[in-house]
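Handing you this structure, nothing more for now.
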Amino acid sequence: MINQLKGTTIKVDDGQVTLTDYMGSDLSVVNAARVSFGKHKSEMDDKDVKLINYLGAHKHMSPFRHVIFTFTLEGVSEVVCRQLYKHQVGCAYTSGEFKEAATTWNEISGRYVKLEPEFHVPANFRKQSKSNKQASVEGENVETEDAVRAIYLDAMEHSFAAYKKLLDLGVCGEQARMVMPLSFKNSLIWTASLEATINFIKLRDHEGAQLEIRNLARAIKKLIEPICPHSIEALLKSSK
Amino acid sequence: MINQLKGTTIKVDDGQVTLTDYMGSDLSVVNAARVSFGKHKSEMDDKDVKLINYLGAHKHMSPFRHVIFTFTLEGVSEVVCRQLYKHQVGCAYTSGEFKEAATTWNEISGRYVKLEPEFHVPANFRKQSKSNKQASVEGENVETEDAVRAIYLDAMEHSFAAYKKLLDLGVCGEQARMVMPLSFKNSLIWTASLEATINFIKLRDHEGAQLEIRNLARAIKKLIEPICPHSIEALLKSSK
Amino acid sequence: MINQLKGTTIKVDDGQVTLTDYMGSDLSVVNAARVSFGKHKSEMDDKDVKLINYLGAHKHMSPFRHVIFTFTLEGVSEVVCRQLYKHQVGCAYTSGEFKEAATTWNEISGRYVKLEPEFHVPANFRKQSKSNKQASVEGENVETEDAVRAIYLDAMEHSFAAYKKLLDLGVCGEQARMVMPLSFKNSLIWTASLEATINFIKLRDHEGAQLEIRNLARAIKKLIEPICPHSIEALLKSSK
Amino acid sequence: MINQLKGTTIKVDDGQVTLTDYMGSDLSVVNAARVSFGKHKSEMDDKDVKLINYLGAHKHMSPFRHVIFTFTLEGVSEVVCRQLYKHQVGCAYTSGEFKEAATTWNEISGRYVKLEPEFHVPANFRKQSKSNKQASVEGENVETEDAVRAIYLDAMEHSFAAYKKLLDLGVCGEQARMVMPLSFKNSLIWTASLEATINFIKLRDHEGAQLEIRNLARAIKKLIEPICPHSIEALLKSSK
């Protein structure tokens, strides 16, 4: 039953995140914490839930590092990827950067490129927050969305045309890509322990975070919730 | 078929190591390395084997970090545990240290304690190497094994008796345990990426390593070999 | 002036900890956090203190990872060392384990070995706590300290005598050391970022921790306090 | 004398790297490796050089983790930064990303922005390699450099104009920056152990790497060479 979770996908803006693989559960946390007693339980009971809460509240983190998730992110902008690169502790990732993508494009240079699937185009353009220089407000969009979208799309198109011209003139891919915008979509495989995943969610699922990243954090939380609900609750309550 | 590997146990000296959980395979490495092309393969072919060898030879390590293993070690001495604590990169562990064990013992203080299952007792006592101050020679044992074993067992017994006397006089477990010998057996759960696991095997499955650790490295290699044979070969060939 | 801190030593029980080296200060945290503005300040002001508090309160940890300390621990028991091995994130250590020590001893086997400098002998033997199976109570010592100390010292002596006999009979050092007690003293060099150091202090300078470790945590806090007082305060306040 | 190294800057393309801080030296490696013998040397001799070579050749890496460097990178494109984010093990960084920069710009929106100091503009445009899809050849430039440079500069200008228009229309900085090109310059503070730094140099100072990254790796090597020449030589010889 639980194994059906592998491959579950959630849309995040105009990209998506998939739970590609995982190992462990609340039981793995319990069994790790009780390793010295030589007992290996195969079903949870109330005492186990209490143990998990105790571990979380007292920051005994090591048992939470034996539950691991692999997420595949597709169609996410460089800006989102960068936030994941930064979660160094207990994480590993392989990024399908621009370099390889450039190579593929080069090979199929004649094809008609549709901008939308290749670049992130916001569904809504949010207003700048007055109170916080680095934030926007969810739900408050600019009045002139059509004009804004036209400028945005034109910028993508212009950059991409320049990129193709540079390649046509023989410039190497690694220099030509410098003109490409941050909205260009990337793919990323991200493997992280439960502890690291919750740490990411705590930092990014709150008001001050960029909405695009917050949406990703919410999706990741939804994907892992059925696997280890008690551990997630205990760690989110814990004040780290 | 491959899922039957979970729970496989190999004896190592008078302890054992179990592959408790794992995720990923050679295919995960391949799929991670090709993330930018949006292809997710479900069967290996010759091109994939070549790709894995290329990644290993050129030290592109990140795709190898999405394959993860959890090992449960039981009945291993502090000396072995310490070597695993030291492999920090890409590893996590939960140790069932002496502290809890002491607590349990305390509760059942009247019971008859059999030395052998609680302490590591070597099957053979090896000679000190003349050429290398820090090593022994596999297969070359001391002539007086009976005398040696008697001294060894007496030492265990004496330490353990002192430990129990201290507890009986009301000394706290955390101070009483200071008299216990390094041969006391511990349990340990060790979760590590494929990269980190191979790194451990490379460092410990060779002549200069302590035989007890080398036996563990060999057992771990045997446990993971069916899961990702091509990646293991590629990484062991690579000179890291 | 501040450079005179290098080499400062604090006694911890019958061992000691030295601040061997360090780099950075509160200013490094401030300069890291403001890297984008191209300003490099060389003196702190009130705005900088506010910035540090903001970073701590909002768990923006990366600026705190550019301040690094190296501690040399001498004469600490295996039990203390083990706690430091466990602080994996942002730490590195080199341990002068038993193996090498055994080698040296072997060479000078004729010498008179004084137990006290080589083994940890508690100044006081604390009572076992009734309420917490894994703890003792600071200040509450057993009534029969002389009897307890005699048993403890006899156990050290007996183990050490067995160790020497095994070596004399030609047993390799790596097997002979298995009879040695956890009280045997080790040396350790521990390098950790400010974030990791504070994390260790938070976990270990509190009631539930073993007093020997707690004393070490307190000494480490004292050593680093003059270097980055504002960052330490901000991180200790932060609830991580 | 050696302390004068702090603050040394080397130009890398149209950016620069500065050795902002460091701790340790070849002697720290030697002292860490000999921690068990209780000797702390203050001058290197031939035996120490041999020890360092032995450690490198046998991959005993832990003593090399007590030497730490902090580098400040200024005026480097996102493409270069990304390579440093990826060196996770034993590294920490604080990036002065686009977000803050956007904020500053916003404040001084009336100013005349010179493209060249804000965006990376290659001194030479290299040809695409025929044999290696992902590389260029050092020294082989395109024939039409003037035409190429005009396209490149026009692309920067167009993206930047769009960015400013979006801000003027009230779009939040975090969405507006999506149109900015990868050539936009960032600042970054990177703290890494000697082991991690050498690992970066090994991976990036070779033919297959992008020339811009290779130039950075060469500059970093030059900066640290006077601090621990023997360790650098030993680690570069070692095949990791």
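Order as written gives the chain letters A, B, C and D; numbering starts at 1 within each chain.
Here, contacts are C-beta pairs under 8 Å (C-beta built on N, C-alpha and C of every residue); 3 or more make two chains touch, one makes a residue touch a chain.
Remember, predicted model here, so these are calculated numbers, not experimental data.
Student: Over half shared numbers or under half: where do the identical copies chain C and chain D land at their interface, same or different?
Tutor: Chain C vs chain D: same; shared/all numbers exceeds half.
Student: Any idea what the CA-fit rotation angle from chain A to chain C is, to the nearest 5 degrees?
Tutor: To bring chain A onto chain C, one rotates by 180 degrees.
Student: Between A-B and B-D, which chain pair shares more contacting C-beta pairs?
Tutor: A-B
Student: Roughly how far is chain B from chain D, centre to centre by C-alpha average, rounded to an integer in Å?
Tutor: From the centre of chain B to the centre of chain D is 37 Å.
Student: When the C-alpha atoms of chain A and chain B are each averaged to a single point, how far apart are the two points in Å?
Tutor: Result: the chain centres lie 33 Å from each other.
Student: List, in ascending order, every residue of chain D touching at least 2 other chains.
Tutor: Within chain D, residues 62, 86, 90, 92, 95, 97, 100 contact more than one other chain.
Student: Work through the pairs of chains, note which ones touch, and then classify the graph as line, ring, star, complete or other.
Tutor: complete
Student: Which residues of chain B touch chain A once you look at their complex with the stated criterion?
Tutor: 21-24, 28, 31-38, 40, 62-63, 65-66, 68, 70, 72, 74, 90, 92-97, 100-101, 104, 186-189, 191, 193
Student: With touch defined as at the start, can you tell me which chain D residues reach chain B in the complex?
Tutor: Residues of chain D touching chain B: 58-59, 62, 86, 89-90, 202-203, 208, 239-240.
Student: Give every residue of chain D touching chain A within the complex, in rising order.
Tutor: 77-79, 82, 85-86, 88, 91-92, 95, 97-100, 103, 106, 120, 122, 125-129, 133-136, 142-144, 147-148, 151-152, 154-156, 158-159, 162-163, 165-167, 169-175, 177-183, 210-212
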